[in-house]
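Here come two complexes built around subunit A, the first alongside subunit B, the second alongside subunit C.
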Partner chain A sequence: MTQRKRTRVAVLFGGRSVEHEISVITALQLMQAIDPAVYEVTPVYIAPTGTWHTGNQLLERSFYAKVPANLNSLQEVTLLPKPGVRGLTKLSDNSTIPIDVFLPAFHGQYGEDGCIQGLFEMADVPYTGSNVVSSALTMNKYACKVFLKEHGVPVLPAQLITRSDAQKNIDGVVQKALSTEGFTTLPLFVKPCNLGSSIGISKVKEAHELAPALAKVFRFDTHALIEPCVNDIMEINCSVREHNGVHASVVEIPVSQSGVLSYEEKYLRGGGKKTGQSAGMASLTRVIDPQDLDPDIKNSVVEIATRSFTVLGCSGVARLDFIVDLATGKLYFNELNAFPGSCSFYLWVRSHPRVLYTTLIHNMIETALVHHATAASLDRNIGLKALRA
Partner chain B sequence: MLAKITTIILIVAILAFAWRRTLSFLRYFQQEEYNPTRFIAWIKSNRAFDTRGSLVLLLALIAHVIFPGSGASFLIALLSAATLLVVAYGIEGDPRTTGKIRLNMTERATKTAWVAYGMLAIVGALPLFGLCCSCSQESAPLTLTALCGIAIAQATPAALMLAAKILSPAEKRLQKYYYDDAKRILAEVNPFVIGITGSYGKTGAKAALGDLLTQTVGSTFWPKKSINTVMGITRTIRETMRPHHKYAVIEMGAYNIGSIKRLCEFTPPKAALVTAVGIMHLERFGSPENVYTAKSEIAEALPEHGILVCNGDSPNARRMAEQHKRGTNLLYGFDLSKGPLDCFATDISYDEHGTSFVIHYKGERFPGRTPLLGRPALSNALGAFTMACALGAQPAFAVACMGNLPPVDNRLVLDKGSRVSYLRDAYNSNPTGFEAALDVLKNLPAQRRILITPGMIELGDMQYEENKRLATMAASVCDRIYVVGTTNRDAILAGLAEANFPRTKTIIAETRDEAFNTLAEQSAEGDLVLIENDLGDLHEGKVRF
Partner chain C sequence: MNSTALTEAHEHPPIHSETLGSRGPTVVLLHGWGRSLEAMRPLGELLAEECRVVLLDLPGFGRSPLPAPASNEGGGWGTFDYSERIKEFLDQSGIKECVLLGHSFGGRLSVQLASRYPEMVRGVILVGSHGLKRERPLKDEIRVRYIRALTKVAKAIDGMTGTRIFAHHLAPRFGSRDYNAAGDLRKTLVKTVNEDLTPEASRITAPTLLLWGANDTETPLDLAHSFNRLIKGSQLHIFPNKGHEPFADVGCHLLATYITEFLTSRGLSAR
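Take a look at the complex of A and B:
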């Protein structure tokens, strides 16, 4: 019996996003969990400057302490937007590192928002996770809410402010924001429209704080999203994945210390300890599958999460965040992470049936290959006639 | 045999000592821009000659005369070698990683260091050649080695200057290439250049302006930290200027008459911000009038339709504005008694989140706040605001952006703790900054207000009087005062006595560590501690070799 050839997976991570480091943490966890008997992993690190590098040193966490100095020890590669290459191209000699499937493990801009997915489409290679449109739609918090509202998903009212409008007339913009329908009282949340994590978020308690809060968002994003702040709040998250159908995980209640999860709380707290390595989202203080949660709320979360994932056309593993207004008991969709931190594996290992991280990745890759095969079988008969007439 | 080992041990120690010393002197040679005249002047004014190394070797020589035996020589050599290593690697920090302005190992620095060290090492290793022939004369190697050691310890600055001279033709060619390359990039990107100069505050104003312009009117290039020379700016332009940069904020340092003019030829400004024209670095310029002339070069360089924004609180900056009428002339500040201001701030108050203020600009009021603390920081922000508005920023939005100005390292930063909070003003202290820090200390909420300071240095004739004056002022603000070290102790104590500050609340500490230990023992909930002029910096002010 001959040994079955292993599938070659390129795991891409890092990238030009503010969540660069979180992506590295997620990818390192993921590459540890991937089944080496089935897959041959090629780690591809995208530096903050946007250059692509590969090499086995990338599997060591200690390597990243000395970036960018030690990037020289790696092979610089790229993915050409040219169908048929089926792999990464080395910049040194234009030779190819063959790859069967691409696994983007990015958080945030350029990696989770449809940009790299567009490149995969151009190169005609299989890739895991959501496609271009779904990624782009879920990354833009405002567009996602408007789209889901159309599909009957409950969302909080929102106002979108552009940087150029604020630069021209901040007073007018503030007036417009304060008179938004549904914004009955302060405080308000002001956040970047296109960024994940919690960078740039402010809680505005008084009207005069709104302009500086907007200015803060515009350091990071060209669009700011303003939402009412639900004072008495409970957050509920749920992961949804596609594998021979759409499945939801158990829900979790993340425990916040200050009302809004800051970047530090989300990623640097290390499970409540102040020192030691961060393990990203997997280490956040949380209650998974809370037994005392109202089953009605739990069922609504699962139903809405599955429906949202489906209508947005997502694939792979996503995490949907909801909030419950404890004063009214109302449930609202908050945001969808097309590629959540730690791939939400900590929810799947507690789900029924239980899904191990290794299986989760295995299923993502299988699904990616199925989607690619389906797309390849579509009729793309390019009629080269008009120009020949 | 023992004599050979003795010599080799001492030579190795001397060579290791010489390497660290080469780097230590190179730090200051680099700060003086590899200019021998300035370097020599610096050595003279700081008496920066080797004493420690020479003393150790001199003692070794004397000991050798008294105890001539080969066993004694061995012990003497061992002891001297160990002392040399402790001096160079223990007492004196690594200039690349310690100190306020560190040695930056650029290509030029590396080359200079190696060429200079090569010359020193040849002298230091000279006794090795003598070893073979002179082993019969037991005493010669140690004497010769120690003498060579003293020679290279004293000759280190000269070796650096000689190395720079040797490397100069190649260096000049390289610099010319870099300069031209930066010029080419500048011409291609073609940003609107704003020059900043001033006797103080220019680095803070640059950071504030760079940030405000980026947020309000367009992508802005600015060299970080206090880069303000042609070579420094050349390097930053080559490394970080990009086609999207619409504006460039360039800090222009005046080292003597003509230096700003050269910078203006390199990066011709269309606008200029002058933060202050004072009497700092008087020794370099000779007279206050020369300081004014040197700084005025920035205004002279502006085109007819250019923008000149000056700090109206500084009489000479105000004078510069009056003598250089350009397309737009604007004055900013706090003090309306010195004349009219186009932009000024009132209602200034501090809390633990920063400074609140009301800016008055073109007849309108703009209330706002900034995380920066103290009047000097607010003055810089005000200058940046005025310039940003002159360049088309909407004032209300610019004020909103001031709410997110990033703090400048070690300049009056509040470090909030659950029990005790610290106000750190570790940057080289001057009377204006000290006064501003006391003002903030007075206005922040606290149970007890505590000051830890070694006082201010480098104030020439004014040092005693200024330290005494500030101590008197501190007496009215503080509940406890820790006086660190001996440098300004008398002046501070005299000031405190004049203000009748209770002697029981004055703590005298020999060292910074002692002060902090006592503070830790005596601290209480709600203490606010102002650390004015960190002792590390004070020691650095007095270089000892």
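Take a look at the complex of A and C:
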């Protein structure tokens, strides 16, 4: 077997997010699909405490059953915000593990919201996925809706409630929420503004349930988003990716057992896998590329998804979730996952042309290297003039 | 277009098969021991985009009944018998040319078929394949000889006294998982396991791709290297952190990438 020089890719996962475990599942799956002849993978696990670790033990799923006890068997590393290092720094001796490109496989806070992307920018290293602004904007559900509404994307009305306002005057906040324009009737959905994976979501059917629902959100987030609940609803998701242009996948209809997809439904139901282990989003019950879906709805989803991805400046692979009010036939953008569970590979493998997961990862890395080369070609140094005048 | 079929021969029960996809080369997927076509389905589905994929349950597995001669009473089948039955099935299905993709036990059969019918087998893909005698470390060799001697003695005593020492004590303790689960296929298992297909492998002239998991303990890497030496021009890819079924879960995407590339680079994809 001939050995070409492989691109060294650090796959980062875990992190200080409530979606920590989902990130581990996504990353383990991704590292099973990446082409080892082209890429030399360095797994980097960020523990819930925020410490960074590397070691080949991280490739085994069984390793995580004994975290944090067995973290001692790993090498602790970090990424210095210093251009020119081009790799991870071992904390034990300050030596460098050379890395050509970083692949953040995080879901949620600190990994999907612009934080780690900011560190990559400071360190001047290539990284896959969306940049700082796009990641931050898409993680904040309220900001994302307001932004996309400005670009003509249909969204449901929304009310933003802060934890501090709720703490000061919960009755006032409840009144404010209930009188929001567009909230004509109950039920309402109350959800964290900055989280994904359906964590902390409640469906409020009576006014008195609103305060406890807000309290539930404020366990996880400082901002709560309240939206009307469309009773007769169909969810439609579509993945969009950047590789020599922007492309949309086929659409899917996730099948919910209880009206709203819970964290358990999304990640713990297992989809009937023989192993009993969750395979993340790839195992969810769903209808991919439904043949009987109205082509007008399908085309609208693809068009709006592609446009939203573009105006938000996203890169890599994202998944955009929509809802259709079946009573009115109206389509609404719901949210965008800048790094979706299972990288949405299950949609791409059914798309036209078909994209295998191995290719999907390969294309993400290629695009990251192109973006970094483009950024490097920009003139950032105009010299010290003002200080020398 | 996908289809499912039961193809019956005159003297043998039918072979259950499914065809996925309709264009490109015909790729026949042969599964491992104790498995069925379901084990190969995810990989087959990915390949079906560019190939006509034939998934089949090998005789005695899945939904293909066990032919009487392959049963313990019939004396069991070797890879020769299996390959003849598969050839018969392929002829009846109108398949004149194909690429064989065999995993583990299915790899053994692919080697036998490719060496016997080079005009039919245009390409071979072996994934964690059996078929060659392994050189055992001295410690393992001593253990095997010890077990064989014990078996001989136990069977002799059983024969003379009517006891069941071998079945009740030796087989559960020393027999492999496959051996103990083989049931009516036990003689077939013993026959095929003891075959060394070195001459057959060295006769393969079709382009051959060898795909192996670096952590494979069933068919360790030394087998991959032996096949690589024996089959002229064969191409070996070893996947780190993968075991005996490198196509499991999302691994099928990785293997499909390599298989598609192999078919294209060897001019097999246009058939």
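FYI, the second predicted complex is superposed on the first by the 381 of 389 C-alpha atoms of A that agree within 3 Å, B and C clash if a C-alpha of one lies under 4 Å from a C-alpha of the other, contacts with A are read in each partner's own complex, and residues count from 1 in each chain.
As a working rule, a contact is a pair of C-beta atoms (placed from the backbone, for glycine too) under 8 Å apart; a residue touches a chain by one contact, two chains touch by 3 or more.
Only a predicted model underlies this, so the values are computations on that prediction, with no experimental measurement involved.
Visitor: Just from the overlay, do subunit B and subunit C fit on subunit A, or is there a clash?
Guide: fit
Visitor: Please indicate which partner A:Val370 is in contact with in the superposed arrangement: first for subunit B, second for subunit C, both, or neither.
Guide: Neither partner.
Visitor: Once chain A of both complexes is superposed, is A:Leu178 in touch with subunit B (first), subunit C (second), both, or neither?
Guide: neither
Visitor: Have a look at where A:Ala166 lands relative to subunit B and subunit C in the superposition and call it first, second, both or neither.
Guide: first
Visitor: Given the touch rule stated above, what does A:Gln32 touch, subunit B (first), subunit C (second), both, or neither?
Guide: A:Gln32 sits against subunit C, while subunit B stays out of touch.
Visitor: Per the contact definition in the header, classify A:Pro212: touching subunit B only (first), subunit C only (second), both, or neither.
Guide: first
Visitor: Touching A:Val132, do we find subunit B (first), subunit C (second), both, or neither?
Guide: neither
Visitor: Using the superposition on chain A described above, determine whether A:Phe345 touches subunit B (first), subunit C (second), both, or neither.
Guide: A:Phe345 contacts subunit C only, not subunit B.
Visitor: Under the superposition described above, what is the C-alpha centre angle at subunit A formed with subunit B and subunit C, rounded in steps of 10 degrees?
Guide: Between subunit B and subunit C, as viewed from subunit A: 90 degrees.
Visitor: Does subunit A have more residues touched by subunit B or by subunit C?
Guide: C
Visitor: Smallest separation in Å between any Cα of subunit B and any Cα of subunit C in the superposed model?
Guide: Superposed model gives a least subunit B-subunit C C-alpha distance of 25 Å.
Visitor: Output the subunit A positions appearing in both contact lists, the one against subunit B and the one against subunit C.
Guide: none
Visitor: Quick one: in the complex, what on subunit B touches subunit A?
Guide: Residue list for subunit B touching subunit A: 215-217, 367-369, 393-394, 396-397, 399-404.
Visitor: List the residues on subunit C that touch subunit A in their complex, please.
Guide: 46, 49, 235-242, 249-251, 253-254, 256-257
Visitor: What residues on subunit A touch subunit C, complex-wise?
Guide: Where subunit A meets subunit C, its residues are 1, 29-37, 56, 59, 279, 282, 345, 349, 354, 356-359.
Visitor: Can you list the subunit A residues touching subunit B in their complex?
Guide: 166-171, 208, 211-212, 214-216, 218-219
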